[in-house]
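In the two complexes that follow, subunit A is the common piece, with subunit B as its partner first and subunit C second.
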Partner chain A sequence: MTPAVTTDVPRLLPRDGERIQNWRAHSAKFGRIPYRNAAGSLINDIEASGLTGRGGAAFPTYRKLAAVLEASVRKRVRPTVIANGAESEPASEKDATLLWLAPHLVLDGLQLAAEAVGAESAVLYTHAHRAGDVGARLREAIADRFDDHVAVRLAIAPPRFLAGQETALISHLDGGPAIPRFPFPRVTEQGLDGDPTLVQNAETLAHLALIARFGPGWFREIGTRREPGSFLATVRRADGRPRIMELPLGTPVPEVIGGLGQVTALLIGGYHGTWVPVARAAKLRLDNESLSSVGASVGAGILAALPGDRCGLVESARILRYLALESAGQCGPCLNGLPRMSAALTALARGRAPRGTRADLERWAGLVTGRGACHHPDGTARFVASALRTFAAELDRHGRGQCGATNAAPFLPVPQSAARTEEDWL
Partner chain B sequence: MKQRLLVNPIDCDGHGACAELLPEMIALDEWGYPLIDGRPVPPALIKDARAAVSACPKLALRLLEVTD
Partner chain C sequence: MEIVGEINSSTALWYISRATGVVALLLMTAVLLLGLLVSRQGKLPGLPKFAVTGLHRNLSLIAVAFVGLHVLTAVTDGYVNIPLLSAVVPLSSPYERLWLALGAVSLDLTLAIAVTSLVRNRLRRKTWKAVHWLAYLSWPVAWLHSYGSASDLRGGWLFLLALADLLAVVVAVGWRLAAAARDVPRAERVGLIMTAVHQRGRSR
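This part shows the complex of A and B:
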């Protein structure tokens, strides 16, 4: 793995040429793990820092920590902490890159989070297609550490879009398929083995490890007042190559995506995210306050530019087909709605859609929203609705049997394999 | 204490009994799955809501107490 990495904010990612992936180099740079010798003491600092989850939902990190601590004290059981590095968005590579370049920062965060909630076991969960390179490095990293209070087990997620979803992850670690369950009771209350469980994105834990060392004031030195700190982004410019960038929240979009002249639209937030026309996107900043004005969010930090020679409708139809195939098929609206939505968008993209197809698609997008056990239908509907808005002119062109694209090669990455049997979810 | 209806969409198989018993708050979508009014159940409908909950063959529908 040789990721293209850019950082003007060297917090999580090493500077050019710096290597901190081994324990000795990591310890030399960051010092010992700053244990507090008391469960819960770190939680106040995390609250003051304003750190939010970097896996997509941007939930305040201290609230999850506090909920798990409270539930485990009340139930008199020791919780488990899980570092979620199974980024399942095909367009995202930031967690794999972080685990590759700075594994000990994530593992420090895992130890500190375990101490904060009084956990006695920890799991690092990574994606199957990274099992070879990242998995091997993590195995080595775990074996090299000597100041860990809690043993860390490495677990491999199946290569499914939903495998990183919090309840799917619990189901998988409990020995079942990696498919979501009903979100109540919460995982913080009843997670792994039915006990309170803390699931944090790998990047979130790396930030936590730095806040434990340098304090909440340091964390807030960059970012915005409401959304402090930095985040890792996977950025695809018109050349299609993914770059991993560490950016302060609030960074203006044009500073991140150069060459907007050759671009027609940006996809913000990945395949559960939002297409935004380039003129509008150029005025946005990468924080949720700014992005919410176009119905988008920072999510897991995915930003992709659609080059002017590609067709956004064709790209969206290809991605929607993938999303429909990745439905776990458990909830009626998702099971029925997503394949119909996919067929409709494919027909529209091919210019062979019967009258009323677009209205059907818009209705189905509304109908599936909020009606699944997980957010897969919601995210998929948001993606589709934004495609219909952003590529409205292209939609009309396709209705007349034309297409604005001069390059038919697929642009955004979509895995080829679809789940055929229940084994594929294990 | 107010009560709201909540369906577990994984358990729900779209039998539709709930919508028959409580049409004031539950409609069916074009595939037969319930569209539930998430507002608090008015006192006059609580009895019908309980009947709808009991009638679900998958025990997918619940009445939840909410504090607000």
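This part shows the complex of A and C:
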């Protein structure tokens, strides 16, 4: 069930891809959980380490920890900690792989984060499609541990693109549909049951567990000065197979992709990410400082190289159709805008678009941006705008009824089942 | 009331109370109609949506002010004996016991709606909404109180006005229910729009 794993940085993932499923083996390798016995002392180490969230937003981890601690002291309630392994992005497999290969590292991080903010309950959230393998293993792993201070509950995210968004996740755990709400009040103030809640990506917690053991100095040994440490990437080279790689931040793109000769463009950051022409991508490094020059970010570490025999326009239209269908249907601009954008890009890809369709699409991308409760319209608009830029030559070709692709098989993974009823969001 | 005497210092309060009562009923009707419109995110000709909401809010404050004036003048006036307590406690007034009880109930409900709306930021949305729903109870009770306790409303132009209020509210609530029945459940909206726009693209 595990994709190929390669790592030159054996921090989170074992070098040979062997699972450290067993609690004894894990303890033998990493030692026992280094509890600090004082709420908050770990937060200083995390601040010094420069660890940021690995779920996509790259928010400084210590600030969330501090905010939850402060809010729970002020409100005199015990917060909840949630390890987010929902990984609802179809192109990503790094969290499922981490939870499969090194579950105890994430669970250690969950315990340490719970201690740091004074939490009395913890949740581990995983994707519905991985409930059978990863979920079952996690249940075993949780039962296997004997040094936990707080009980960990396993929760299963419905297979919806937005289900991993932190407010959607909390709505789901509260018994509602997994749809996002406006970000305010922050979940660090009012999350699960209305109490302060810490939501951290599963990988972030694994890093936290290592920093607690080896210190912030060790964490900063790799990566860049501004963006220290390593991250897990889901990399698709021209063969299309996902590879999970642990990379130092700042790794040059060509080192990761290899054989850029057969590649036309790179998708950086997943389906809310950015298409970049290969010539520009070859000069980039995988850190936000470098990627921001092309409007991209490391995000959740998704990197896909589009092979020369495929059509980027057709791929983008397929992905946009999926994104439109995954709109929660709450906010007008997203509900009305995304389907129209999808129809327009599909028409452009089929070479049957009336004049002005491209201009409409660009205008709509601008109109939906910043106008949703969550960032679904923004991320989708960014993806579409980058596709129109990167595949401009292909657009012209399609306008003349031609296509540069010789291989019509779909390249990037797109789930086929869309939500039809409220049940599909529960 | 058959007494159609002249307005002087001893009858002024009584007339003010009757007049403000009529205006309060009109305002409450307008507020309810606007509230129904706001709940469906409807528009008024020439007004943006936020202005409809603003109108609903501001008019409701004016309505509360008129209700307050109506109650205070009725209590202060010495022509009939209405204790201050009877303004809020049902069935405690020696004068028009039943009809004033309806007034008290409506006032209590109105105050609950007004207060929760003023502190809406501090409440959970569910709580605020649950209290706000009491408007559907408060208005008919207020209408019955008006009709029952004021002989002014039982005939002539004011009767037609009261009837028009009732009719407008019945029609508006009917419209609101019919609109809600046509609602597409959230989870099904995107699918419908997708099918529609993709088919339109294909037929070209």
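General remarks:
The rule we apply is simple: the second predicted complex is superposed on the first by the 423 of 426 C-alpha atoms of A that agree within 3 Å, B and C clash if a C-alpha of one lies under 4 Å from a C-alpha of the other, contacts with A are read in each partner's own complex, and residues count from 1 in each chain.
The rule is short, and it goes like this: contacts are C-beta pairs under 8 Å (C-beta built on N, C-alpha and C of every residue); 3 or more make two chains touch, one makes a residue touch a chain.
The shown structure was predicted, so the numbers you read here are calculated from the model rather than taken from an experiment.
On the superposed subunit A, the two partners subunit B and subunit C do not both fit; they clash.
When the shared chain is aligned, no partner comes close enough to touch A:162: not subunit B, not subunit C. When both complexes are overlaid on chain A, the residue A:333 reaches subunit B alone and has no touch with subunit C.
When the two structures are aligned on the shared chain, A:181 is found in touch with subunit B, with no touch to subunit C.
When the two complexes are overlaid on their common chain A, residue A:233 makes contact with neither subunit B nor subunit C. When the two complexes are overlaid, the chain among subunit B and subunit C that reaches more residues of subunit A is C. Of the two partner chains, neither subunit B nor subunit C is touched by A:306. When the two complexes are overlaid on their common chain A, residue A:373 makes contact with subunit B while staying clear of subunit C.
Judged by the touch definition given at the top, the superposed model places A:86 against neither subunit B nor subunit C.
With the contact threshold set out at the top, residues 330, 336 of subunit A are in contact with subunit B in one structure and with subunit C in the other. On subunit A, the positions that touch subunit B within their shared complex are 180-182, 330-334, 336-337, 367, 371-373.
If you check the complex, the residues on subunit B that touch subunit A are 8-14, 29-33, 35. Listed in rising order, the residues of subunit A touching subunit C in the complex are 177, 179, 194, 321, 324-325, 327-330, 335-336, 338-340, 342-344, 346-347, 352, 354, 418-425. Note for the complex: subunit C touches subunit A at residues 124, 185-191, 193-194, 196-198, 200-201, 204.
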